[in-house]
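One chain, chain A, appears in both complexes that follow, with chain B as partner in the first and chain C in the second.
Let's look at the complex of A and B:
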């Protein structure tokens, strides 16, 4: 199933040195980063940064990068993208949907090619058909997202990888109107 | 079937010279490139869309040249920031790679006190130290004179990632060394295309690395192109044979990739991820289509106003009616792709943009 959580999960686990995640606004970005942190493999370190040079120095942590100057950061990453191959955990580059960074992707063909298929737009994925997603969730689990989450949070559902993904899905569905 | 580790596909990982993972392409670009150099038909500018395999073919050509040349493969993009390319630093890296090759040939080069020491690793030099053109030229001549092959080839990768003016200046500098070494340079498309490209094309021979043919509805050897991509997959995954159940996802990914090896690997890597989420060992059609949709959306983000109309209009033509700046941009991003069909070069719109939810293999 191609939904926000599965797209994020597969991108985070893909072994790609860099992925892009698009956010709707600064407030929702914080929620998004928290959700992604919950999807990380157990025991892996994460760090948040706005400084693009951290990409080349903190090689072992999942680096959530929210650059102040998105365009300039893309140019830096494009110019040194082969150095990204030294990373042992990915950079998660957070860019504003339709913002300067996304518009600048056309200036950096090399980096854009690396990112191809690894630009996750959770907002857009959530827009696909949330009613259908909810129905699929209910068919899959036999419970509503709210009911499932309540049981999960109370520890009545085991904390496995698969259930971790379902929890993220349920969280996204729970927040929808 | 053993557990599939999809991370082994590593779409971004470049291959080294002589890498066992390299698969010979249907058009065998590396061998042709090496033959041109051996025939003295350089300097050569290697061009092609992102992800078409330029670096891989350059590395393979370097290996093929080793018997006839002291060869230095210089992956500049792995050694320095290509947005701030510095000529003196470029000379240091080129000289150091050559020194390493010369070392492997057990050459006894003089290390006179006045000469630049290219044997020292660049990272051990003072950050402000730079080599001059004279330093490199002198070293190239010395290696050439002292080597059994009596010839040197420099193969430089990464200049296509520089801003145009910086790349042009760097290539101009390198061309002044052609008396001492055969040169192969991966070059930005805009430097060898259109009116501005004529200037450099009088001094460089363009060598395109195009996508491999994969479309059944074109008069090409699409079976060979698909077989090539499937063999790339088999080797990267470390499989002794391809299971029959892999045939369909590999074929779908090959068609969706438009023949670009990196895109092919990216699609399968993502499809494998979607399959893992659903507890499937191998990707279903749904998994592959989800990965293709991710690719399509990425391509759509780099489209500019009017691109789609032009791509549709020029599909299957020679593409020469497209205004030059737009044509270069579309080609560089792989939104427009060149193929050789029936002895002619035609341009085709990247079919990922037309993906509507399913594919006919």
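Let's look at the complex of A and C:
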């Protein structure tokens, strides 16, 4: 089943020389890079960079590239894409979702074709369909998340491991102020 | 002196620590992943175990870190990670994790559990640490906000329902405690 963690892990292990990961904003980007670093195989080196030329000099490290000028970096990567094949660890190119880099992909069809299928949008993969999940919860338990939590807290639902796990799901789905 | 007051004070103190921990902006998922890396480095679980801890997000409001359906074991219908080479539990012990946070780091509730059979005794054993969002049950003595269940059967609905009160622990610290209980070699060290 596809979720952000497994999609990122598979991409990092895939052997592809470059993958694209979309991010929402600068704050979330740092968290995202940290999360990807945690998914790397033990002992593998990682480096963060905003300089696209590092792609052609640091061939053995997982390179998390966050270019300041996304469009210009894509043009450089497209112009030297054959050199990407020399890499022994992937470049993880972080692009702002709906940003200039994503909009510029049509200008670099050669690179874009390489990237096809290697683009991951963790934010979207993490989002639940709240209404649908609530409906599923209600169908499975016969109660709304709020009603279930109230019964659980009052001790009317047994305090088992499975119900403890279900309580975190109800907490994710309950109506919030 | 009121018999209830010390228990209310403990819950109040825990809530205060919970609030403080939120301001420390702990990345609970990263901390749990560090523990999973430790287990991977000791060949106690597969390399991909770090990929099994997924995030379910409700926009920017709440997030849940939970094991994915890709993981290699189950407790009932719920995904778990099978652990091997633990000193005191037979191979196939099952680890369960669920952490609910507000925004990115404020803990709301969590549930960290480990169950298996003793290596020498073959006796079933489980322990799970629960942080509950609100007071539950009959009162803060029998059902403190942060407590540990210890018993033989995680689905047990029998009596008495044992909840051992605990001082404030983050989910990763709760996992440290469970792992060090099952294998003293996993005791946290100064260099961790």
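The rule is short, and it goes like this: the second predicted complex is superposed on the first by the 127 of 177 C-alpha atoms of A that agree within 3 Å, B and C clash if a C-alpha of one lies under 4 Å from a C-alpha of the other, contacts with A are read in each partner's own complex, and residues count from 1 in each chain.
Rule of thumb we're sticking to: a residue touches a chain if its C-beta (ideal position, glycine included) is under 8 Å from a C-beta of that chain, and two chains touch if they have at least 3 such contacts.
This structure is a prediction, so every number in the text was calculated from the model and none was measured.
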Chain B versus chain C as contact partner of A:78, first or second or both or neither: first
Touching partner for A:152 - first (chain B), second (chain C), both, neither: second
Partner chain in contact with A:172 - chain B first, chain C second, else both or neither: second
Partner chain in contact with A:105 - chain B first, chain C second, else both or neither: first
First, second, both or neither for A:91, with chain B first and chain C second: neither
First (chain B), second (chain C), both or neither touched by A:52: neither
Which superposed partner A:8 touches (first chain B, second chain C, both, neither): second
First, second, both or neither for A:34, with chain B first and chain C second: second
Which of chain B and chain C A:164 touches, first, second, both or neither: second
Chain A positions touched by chain B in one structure and by chain C in the second: 1, 6, 9-10, 162, 165
Chain B residues touching chain A - in the complex, by the definition given at the top: 6-7, 10-14, 50-51, 75, 77-78, 81-84, 158, 160-161, 262-263, 266-267, 269-270, 273-274, 276-279, 286, 290-291, 293-295, 297-299, 301-302, 304, 329, 332-334
Touching residues on chain A, where the partner in the complex is chain C: 1, 3-6, 8-10, 31, 34-35, 38-39, 41-42, 123, 126-128, 130, 152-155, 158-162, 164-165, 167-169, 171-173, 176
List of chain C residues in touch with chain A within their complex: 27, 29-30, 33-34, 37, 40-41, 47-48, 50-59, 61-64, 66, 68-70, 75-78, 96, 98-100, 104, 108-111, 113, 115, 126, 128, 130, 132-138, 149, 154-157, 161, 163
Chain A to chain B touching residues, read off their complex: 1-2, 6-7, 9-11, 13-17, 75-76, 78-85, 102, 105-106, 109-110, 112-121, 124, 162, 165
